[in-house]
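Have a look at this one.
A, B, C, D, E and F label the chains in the order they appear, each numbered from 1.
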Amino acid sequence: MDSVRHLIEIALKEDIGSGDITTENLIAPDLEGTGVILAKEPLVIAGLDVARQVFEHLDSEVILKSGCKDGDTLGNKEIVAHVEGQLRALLMGERTALNFLQRLSGIATHVRSYIDEVGKTKVRLVDTRKTTPGWRILEKYAVRIGGAHNHRMGLYDGILIKDNHIAVCGGVKKAVERMQKRRSHLLKIEVEVSEFDQVKEALSAGADVIMLDNMNIAQIREAVKIVDGRAMVEVSGGITQSSLKQLADTGVDIISVGALTHAARSVDISMRINPLP
Amino acid sequence: MDSVRHLIEIALKEDIGSGDITTENLIAPDLEGTGVILAKEPLVIAGLDVARQVFEHLDSEVILKSGCKDGDTLGNKEIVAHVEGQLRALLMGERTALNFLQRLSGIATHVRSYIDEVGKTKVRLVDTRKTTPGWRILEKYAVRIGGAHNHRMGLYDGILIKDNHIAVCGGVKKAVERMQKRRSHLLKIEVEVSEFDQVKEALSAGADVIMLDNMNIAQIREAVKIVDGRAMVEVSGGITQSSLKQLADTGVDIISVGALTHAARSVDISMRINPLP
Amino acid sequence: MDSVRHLIEIALKEDIGSGDITTENLIAPDLEGTGVILAKEPLVIAGLDVARQVFEHLDSEVILKSGCKDGDTLGNKEIVAHVEGQLRALLMGERTALNFLQRLSGIATHVRSYIDEVGKTKVRLVDTRKTTPGWRILEKYAVRIGGAHNHRMGLYDGILIKDNHIAVCGGVKKAVERMQKRRSHLLKIEVEVSEFDQVKEALSAGADVIMLDNMNIAQIREAVKIVDGRAMVEVSGGITQSSLKQLADTGVDIISVGALTHAARSVDISMRINPLP
Amino acid sequence: MDSVRHLIEIALKEDIGSGDITTENLIAPDLEGTGVILAKEPLVIAGLDVARQVFEHLDSEVILKSGCKDGDTLGNKEIVAHVEGQLRALLMGERTALNFLQRLSGIATHVRSYIDEVGKTKVRLVDTRKTTPGWRILEKYAVRIGGAHNHRMGLYDGILIKDNHIAVCGGVKKAVERMQKRRSHLLKIEVEVSEFDQVKEALSAGADVIMLDNMNIAQIREAVKIVDGRAMVEVSGGITQSSLKQLADTGVDIISVGALTHAARSVDISMRINPLP
Amino acid sequence: MDSVRHLIEIALKEDIGSGDITTENLIAPDLEGTGVILAKEPLVIAGLDVARQVFEHLDSEVILKSGCKDGDTLGNKEIVAHVEGQLRALLMGERTALNFLQRLSGIATHVRSYIDEVGKTKVRLVDTRKTTPGWRILEKYAVRIGGAHNHRMGLYDGILIKDNHIAVCGGVKKAVERMQKRRSHLLKIEVEVSEFDQVKEALSAGADVIMLDNMNIAQIREAVKIVDGRAMVEVSGGITQSSLKQLADTGVDIISVGALTHAARSVDISMRINPLP
Amino acid sequence: MDSVRHLIEIALKEDIGSGDITTENLIAPDLEGTGVILAKEPLVIAGLDVARQVFEHLDSEVILKSGCKDGDTLGNKEIVAHVEGQLRALLMGERTALNFLQRLSGIATHVRSYIDEVGKTKVRLVDTRKTTPGWRILEKYAVRIGGAHNHRMGLYDGILIKDNHIAVCGGVKKAVERMQKRRSHLLKIEVEVSEFDQVKEALSAGADVIMLDNMNIAQIREAVKIVDGRAMVEVSGGITQSSLKQLADTGVDIISVGALTHAARSVDISMRINPLP
């Protein structure tokens, strides 16, 4: 929570710096104003509370009211929120608030389209660590709002043994066993494998999740058969929106897609500000 | 400079947190490694120095060597840089370094395609304040690397009188005149106008730059004629990559395009890490 | 705004540190008190809001009421403000609040005397970057309160090409032209020159402001004649309060005076505190 | 120490902000330069190490060499120091380094003139807490460099019972006795008194230092006689440079003078920078 | 004060990090709850205000009510405080609030037992700088709550000349005399000595406090006789709870005991939380 | 890593503040010295690198050499490390470095005695979140050095459903099932239960770890039988060092003991400093 507030402070500082010279020279400090935030294209809204905090940081008495909540779908020209407070605060916070809303809603909207693709299968769609530096918590939040799940938040709350770790340890078996002895008993062990032999090794060493790296559909099917429910199976790498359905049908448990965050584009949201009479 | 270093620290903290549990449990701290950073699609590289700082933050003796420099064009599979240092630092910094490189190079590549569109006209393509909160300096840097120019960095280093300011002041003339008296003599005055009468008013009040808001091509041509070199003319709003050339030919001086930053997608860059024997 | 709050925190920390051992040992935390802040010499008041913030930082419910506002002239023994709140907060904040008020009012008072000197000419008196490190925004604010204008806030919001830049670029013309291509279109270009030839070069290269460095009155008059309205003219360097009027009469547009900030002395302001019965 | 480094960072940030647009656009990053820092009037130098840190913050390989050390007296045009390093760092750090040097040397020079006034008496001249907020440690350092002593650094490292404390406690005696019980045994107790009866009360309660507040010369002489060596005697309030000698002859131990810091003006120091060929 | 708030923020951050995954997934944000904090063994309570701040940091409207105040003695199962607020805030703040309370009350309880040992002698029991890094102000506060006094807070608010300083200066006399000339007149001088000759030297040089280092009872008695009231006498080093009474009877003024803080164990305090219906 | 460096900075700041008045007045800045750190009782050493960082923060060229490494057992009077550097840095860093070493080694030593108790059974001894606020990462590190394992680092990297969560969700089954749907697939689910029915419910809902809260030995044995290997079993609450062996023999997998951290006392470690000739 604190880290989001910190990012908001940085964002306002980088935009306002030593002062908004236009507004401070033209708008009296005691003027009040209202603003309407509008969707300019169909979207899934995310980040309402961040936008509120942006304005509150500039004027602790700003009021932001919204008829919708994060996760709602809005059409073009639908109202996202009404804001009321010092006119200066509205003018100085507008761009920053919109920049947050546009990106977070952009991710939520993008993720929703993937979720619609997968449909009613039991497979779980998850994000990766391919997020905008500084934005991890916010972007992972937008992913959940969009309807997908989060993979680990960072390197600190999930174990994922990759090819390099395996190479240094001398094989899948040794890597998993060494980890068994050291990891917290609350964390599962996931191992990245690229061959069937490694799948078997991982299973016999007691891995909890097996990540199949860059296998084709046939190979994935075969790997799922080998695992046979003894571990969860995750696929990752080179996944496009159009291949999702087919992947889901292979019987894997988890599909991780970096594109959920790093290929999302900002959606268009605008704000109309008026001075109060 | 400091604000970039600060963002790097935040980024590493959000990814590593209380520790990389996989790497710290499996990789001895004294192991050394090498890494090769590779372009996975054609791109304009940007952010080499940021990537270097990411690794140096984790291991002050890491060496990052590159045969290219920011702004160079690379093809698919071309080498971006070689890194050498503690294996732990390479593994723990990899994702963050790539996340920076992918986004900054993504913007530079995107901007370059706009620049190619405009070609050899005298018009200047500039960005806006539609940047990722926390990333203003970096994204504006990537815009320059891509070949475009920067509009103001924030609200503090440029005057832009918008419709709200005009409404509160009681017209373009009053707003510009009030600003004349107060602004630093080193700053020009830009005014946003939407009608020909406002153009004339702005000129007579001594505005330095006139921004035409959402006018069509014919209107823009007319406005340029009215201004007749007495001020710079900027167009803004609803500009697509395909309309650039036509806009450039109207005789305007500046075209500002929010899409330069907010519509850029990350490009694909990967890293292969190997332990040193 | 935030940077002022930050300076206030630093100031209270450096004065209070691990605690006000006198007050915390002698004054019960629930005692309330009142204070009267008094001018001890004729002055232009500046910094009322900073003083308020100092006390609020120590006791969020302190009330500071003032019958005057920044920029008002007060005589000896006139009341600056009344403060009411926790007695401990008044005692612990007194020195810091006064230190701010004395310095800011000192600058405002000093500047006002310069402004009185210049009188009703059209010339604009501006400050420089010779400010107390850490106090830039506050001191430039006090300059405006005193009636003068600000030069650029820092190196980031104004272009001033000095002799070193010129030497490296190979002459005034080359320096200005290189800058034309790179600077934001919202920033003017100021060049420092010391000879008439440089004045002409600057004009032909399109400089917006020409700073005459250490010229005598006759030379300044001549330079103004050469420029003939094609650029603004600023004089700087070695300016005393007594030469102001004469300088103003040369026809220059801007006189920049470092002494506005760096030669101002603190004015005398005191505070009388009483416990509430 | 850290707090000085912190102030330097703030100072550079407020001056450079998002970048030195003149220097970054005109001076290549790999150019080297030299600078000479010069006294422009007779002064006592103070702050050489702060100036060094300013440049080092911008270029860790800058070298600042000086033939003098803090406390030395320099004549007009004498060299303070030579600096060598990246030309950009010299240009961007120049103003900040000089602003520090000018203020600190200004205080040291001012203090030295007071010290010369007092001459060879045993009296100790000390500063007060009337310092520039944020500069406490630095200004108290400059006071020592000038030859005077420091009163307490802040509210945390010295006990000074003032009229308010006395009023709340119900008299000098009660205040001192309550403090005896609570203070650290390493701290003396100083009490501010304005009448002879209070002097006697303070003595009998065991005060270590008695501060005579706004007494005239005759009263001070009488008070010194009453105290008769049983405590130290400090005078404070309304002291001018010309009354110092007379005060010193009354036999008091300590004269505290707020003017040492708050009435000091900056001295003139400049820097000449040249690119290295 | 600020440093305590800062430690609370660090503590909550290290516990909650990117979020309380159990609570955020299972407890709705709008649920309210109550909590009862209970002593699980006899103890002297300390830290009530810190606990309050912990919860307030998570929910600014939490209410913590207590029938007792810091320094009160509680029996097993007695109620420390009632808390009411967002259920999430109670669950997320519980462990941190208790960790503060347990350690601070542990110190207060431990110190109280020492005080009981010393009884009604005039000797003053003081702590040392052997505190938990980051906790200096809080632990010294708990020491006072327990009934003992504080030695200096740190190296900045008390002078203690140790064997190393003496060796470098060339003897006790030289060290004390050099310090006389330089120290603030509000600070006493304490010297650590290990032989009778040093005691005499310290006295003749005018030391205010003499610390006897690791002397036995007989030696201490002899030293007290030598000092004969001309300075305060402090003993330090190798002091056990059982030797306190005997030490107190030697006539020393101060006994400093590192164990007050560094040998205290946490006391047992728990919290029962219930959702509000 | 950064959070440890941050704690070190806080610790030095709280001890040194505005300066070490004794050392800075008596010891010249250019003097060098050596120090020997000694164990004053048998102990398991932990924190060598933290001690090194403390001194390096004060003098970047300090050298700390040790013949032992964290986890080694030392006898009374054995040498922990040699330090060499500026004498001032040694004197100013001594107390802080020792305070870190004493607490971390105290925990490691304490944990080692518990580990010796448990002996060669397969049971895993883990710590809890009962750590000193601000010290989580360091104390959990010392626990590992002592030979035990860590439970979750905080609320963010492990799921532990407690009685409150269960009550709000309406039973163990509902709580676990809701969590299944939401948690990251890399995290196990642990549930706290106090009755056999809850054990069965937890198993059927798919809990990975079952924590038996305050059961007696017979009940624990019965619970282990019920679980029968379908989940891990953890016991917690009211565990004394003497009951460890018996608990280990019940067949549980994990014993969590808050006392590992919160009941550890500091061990005695000292430092002897000498000036270099």
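Methods note: a residue touches a chain if its C-beta (ideal position, glycine included) is under 8 Å from a C-beta of that chain, and two chains touch if they have at least 3 such contacts.
Being a predicted model, the structure only gives us computed values, none of them experimental.
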{"item": "Joint neighbours of chain F and chain C, given as chain labels", "value": "A, B, D, E"}
{"item": "Centre-to-centre distance between chain E and chain D (centres being mean Cα positions), rounded to whole Å", "value": "33"}
{"item": "Whole-Å gap separating chain B and chain E, where each centre is the average of the chain's CA atoms", "value": "53"}
{"item": "Gap in Å, rounded to a whole number, between the CA centres of chain D and chain B", "value": "45"}
{"item": "In chain A, residues with contacts to at least two other chains", "value": "3, 14, 17-19, 136-137, 153-154, 156-160, 182, 184, 187"}
{"item": "Graph class of chain-chain contacts, one of line, ring, star, complete, other", "value": "complete"}
{"item": "In the complex, chain D residues that touch chain E", "value": "124, 126, 149-153, 156-160, 182, 184-188, 190, 209, 232, 234, 253-254"}
{"item": "List of chain E residues in touch with chain B within their complex", "value": "14, 17-18"}
{"item": "Residues on chain C engaged by chain A in the complex (per definition of touch)", "value": "2-3, 136-137, 153-154, 156-157"}
{"item": "Residues of chain C touching chain E in the complex", "value": "9, 12-13, 16-19"}
{"item": "Chain F to chain E touching residues, read off their complex", "value": "3, 6-8, 10-11, 14-23, 25-27, 31, 33, 87, 91-92, 95-96, 98-100, 102-103, 129-137, 153-162, 164-165, 167-169, 175, 178-179, 182-184, 187, 262-263, 265-266, 273-275"}
